[in-house]
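Both complexes shown next keep subunit A, but they swap its partner, so subunit B is in the first and subunit C is in the second.
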Partner chain A sequence: MFNNLKYVSCDSFESVFELINDSTKKNCIIAGGTDVITGIRNESNRFKNIDYIIDFKKIIKVHQIVENEKDYLVGAFVTFTELTDYFENKKEFRLLTDAINRIGNLQVRNRATIGGNIVNCAPCADSVPPLLVYGATVILASSSEEREIELSDFLVSPYKTTLKENEFLAYIRIPKEEKEYKGNFVKLGKRRGVTISRISIAVLAKIEENKFIDIRIASGAITPIAKRFYSIEEKFKGKETNTEIIKQIVSEIAKEVLGQTGIRWSYPYKLPVFQQLLYSEIKKLTL
Partner chain B sequence: MLFKDLCRLAYSKGLSLATVGWYKGPNVSWDEHSGQGEAYFTYVYSCHVADLTLNTITGEVFIDKITAIHNSGTVINRLGAEGQIYGGSTQGAGYGLWEHLTTIDGYIKDLNYDNYLIPTSLEIGEIEPILIEGKDPYGAWGAKSLGEPTLELTAAAIANGVKNASGNRYFNLPLNIEEVKIKEKLNSNSLNRGSM
Partner chain C sequence: MNVTIKFKLNGKEIIKAITENKRALDFLRDDMLLTSLKEGCGVGECGVCTILVNKKAVNSCLMLAEQLNGEEVYTIEGLIEFPEFKKLQDNFLKHGAIQCGFCTPGMLVSSYALMLKNKNASIEEIKQAISGNLCRCTGYKPIIKAIDTTINGE
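Here is the complex of A and B:
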């Protein structure tokens, strides 16, 4: 399975483009490799017949976090440990660091990267719901252009993104948190350590005088890809933060989830638990 | 006399410091037909108390504390004995809450530890071992056994704790989160790994 693979360590974007612009070869960009290596070993279809494995280890600019005036530019190849260390120090993006601290175990987080988690596009990717509520965008580089798109537009379906063959994810831009926002992240797994999310929820809200000035809700693992509920959020802006309204938000979201996925074997459990967790997380913000 | 001098002396006299001996346990009897008899020559007694928190929204059970009381005869190596209890209670908790082997048409579905869940160090709070010593007339230096007994009780203690908290009595293990929440086991019919 590893026999026909060639490993290439690139030291500049140009040398990467040279490889990925050759459409006769199948390339696979590797960041931490926690999905790629296991995928190849399990002979998963996504990783079959790969010619080149491209490593970015030597390209320093995608391993850095840069603070700008309005946002942070996070290199796609920053590991989860580096990312949580950085933002926990800054006391920023608590939802994101909470979510990341529950991914796998320390050994996995030391290798796995934020970009890898996004590009892999698993339904249960834990870093995605917080990034969605923070309004993160992804910056995709190709030899001809650098395009920046919303994270929610980047994710298409399970394990499928809008990334083209000749592109790679270079940076993630996260707008700086506005201080008046409060938020919560909750992950439900079968156990506490080293567990795949069964449900994850990120909520972020700005509440003034018992009204939702802004509310942002994203979920993971319950829908085919992590999802932000833009249209429902919009409906409840300016509404009062009472029990009735929160119940309405929850039931509309549950309806949308059900509409998108249909009934699944796990729903007798997951759907009521999702609704109750979502209710209690929003309720906590209003207290 | 120092131990090394003793060794040297024994070596110079051609004496071995090792010895070999035999011990035969008392006879036991077992009548297959009547199911009666003395199956073992000594018995161990123990009791586990599981102190747990049940999340009624999600069905998650967290074990805050396990108190494990074991009568194991003379304790020869206390650290080793306590270690046995920590390990056994944790394995017992896995038996009670996570370790579920699923088969489809006779094929085992859980082929690795990503699907077959065992407890990690984050799953269990404190474990307090209490050893009640007593000199057993048959075991070596009065010791009895403390391997298997440590893992047999925890699952039952947890199931009783869940009954106490939720009012529901479960008759099969493990008590996974779905079952605790909706009182039925859910199984996907696919061999694929995943969380949907």
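Here is the complex of A and C:
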């Protein structure tokens, strides 16, 4: 299954472009490889008939985190462990580090990367809901241009992004946190460790004098791809932080999910739990 | 397929041509004859193929052999040279942290990776460190005890 593919270690973006611009060949960029290798072995459709596996190990700049005045530029090939070590030290993006610390196990987090998690585009990708509430953008490189788009516009459907064949995800830009925001990340799985999210929620809110000034809500594993609930967020703005109001607004979220995806076999269980979890996470922020 | 990889394995410089694509697990077991590594689940959940790459525990079933290029790699065949590792191994025996033994090499590598990173790990941190290693015999308590004793004393 691995035999027909050629492993190429590139040392510059240019050498990668040379390979990915050849539309007669099917390429697969490998970062940590934790999804790619199992995908190839399972002969999953996405990984069939690959000609080249492209390794970025020698391209240092995509393995680094750079702090700018207003944001952090995170290389797509930064591993989960490197990312959590860096941001836990800086005390930034706690929702993101909390989410990542619950992905797989230590061995996987030591290899798997933030870019891989995004490009793989699984509905349950745990790093995505926090990145959505932090307003992350992705920077896609190709030989003709570098384009920067909102993460929410990058994710299309399960395992499908807007990434073109001749480009790759190079960096993720995360705006620095505004300190007046408080937030939580919660994950529901079958166990505490080594488990795939059944429901994940990231909430970030700015509350002043018992009023919601702003709130951002994203969920994973509920809809086909992780999603921000803009219309629900809008309803919170300016409202008081009392229990009844939170309950009432949160109760509308099921309708929004159903409107987007239709009924699924898991919803009689999932939606009430989702609603209750969301309610209690928002409630915690108001206390 | 002809990629030559150069890496450090158990303290020794290795230069090897990879003639066919395979996982690091298969390469280390079949070509380098390091049979402490085993294949369990093959998808990164059970931890019996755990190796140390640049002092971090990783699953060798989720790596290609080529990805070892330039890295410093240890398996228990090499770690045995370190007195701290020997102490860990002795404590596994002393506290009955071994029954069938299938998970033991991976458990030892994960525990040793923790010892390198954290000189006074708590029980919670020990549990976290071995959360990627499944053991179906011991119920984990003797394993946690063995690691705790090695790190924090009796």
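The rule is short, and it goes like this: the second predicted complex is superposed on the first by the 287 of 287 C-alpha atoms of A that agree within 3 Å, B and C clash if a C-alpha of one lies under 4 Å from a C-alpha of the other, contacts with A are read in each partner's own complex, and residues count from 1 in each chain.
Criterion: a contact is a pair of C-beta atoms (placed from the backbone, for glycine too) under 8 Å apart; a residue touches a chain by one contact, two chains touch by 3 or more.
No experiment lies behind these values; they were computed from the predicted model shown.
Participant: Quick one: is A:107 in contact with subunit B, with subunit C, with both, or with neither? Answer first, second, both or neither.
Facilitator: Second partner only, subunit C.
Participant: Mind working out whether A:242 is in touch with subunit B, subunit C, both or neither, as first, second, both or neither?
Facilitator: The answer is neither, since A:242 touches no partner chain.
Participant: Considering only the touch criterion stated at the top, classify A:6 as touching first (subunit B), second (subunit C), both, or neither.
Facilitator: Only subunit C is touched by A:6; subunit B is not.
Participant: By the touch definition at the top of the document, which applies to A:144: first (subunit B), second (subunit C), both, or neither?
Facilitator: Neither partner.
Participant: Taking the superposition on A as described, I'd like to know which of subunit B and subunit C A:193 touches: first, second, both or neither.
Facilitator: both
Participant: Under the stated touch criterion, which partner chain does A:221 make contact with: subunit B (first), subunit C (second), both, or neither?
Facilitator: Only subunit B; A:221 stays clear of subunit C.
Participant: Per the contact definition in the header, classify A:57: touching subunit B only (first), subunit C only (second), both, or neither.
Facilitator: So A:57 only meets subunit C here.
Participant: Mind working out whether A:68 is in touch with subunit B, subunit C, both or neither, as first, second, both or neither?
Facilitator: Touch partners of A:68: none, neither subunit B nor subunit C.
Participant: From the superposed pair, tell me which subunit A residues show up as contacts to subunit B and also as contacts to subunit C.
Facilitator: 105, 193-194
Participant: Where on subunit B is subunit A touching in the complex?
Facilitator: Result: residues 57-60, 62, 97-98, 114, 117, 119-123, 176-178, 181-182, 184, 186-189, 194-196 of subunit B touch subunit A.
Participant: In the complex, go through subunit A and note every residue touching subunit B.
Facilitator: Interface residues on subunit A, with respect to subunit B: 105, 123-124, 188, 190-198, 221, 224, 264-266, 268-269, 272-273, 276-277, 280.
Participant: Would you mind writing out the residues of subunit A in touch with subunit C in their complex?
Facilitator: Going through subunit A, the ones touching subunit C are 2-3, 5-7, 9, 30, 32-34, 37-38, 41, 53, 55, 57, 81, 104-108, 110-111, 193-194.
Participant: Using the touch definition from the top, list the residues of subunit C that touch subunit A in their complex.
Facilitator: Subunit C reaches subunit A through residues 1, 3, 18, 20-23, 42-45, 47, 50, 53, 56-59, 61-64, 66-67, 69-70, 110, 113, 128-129, 131-133.
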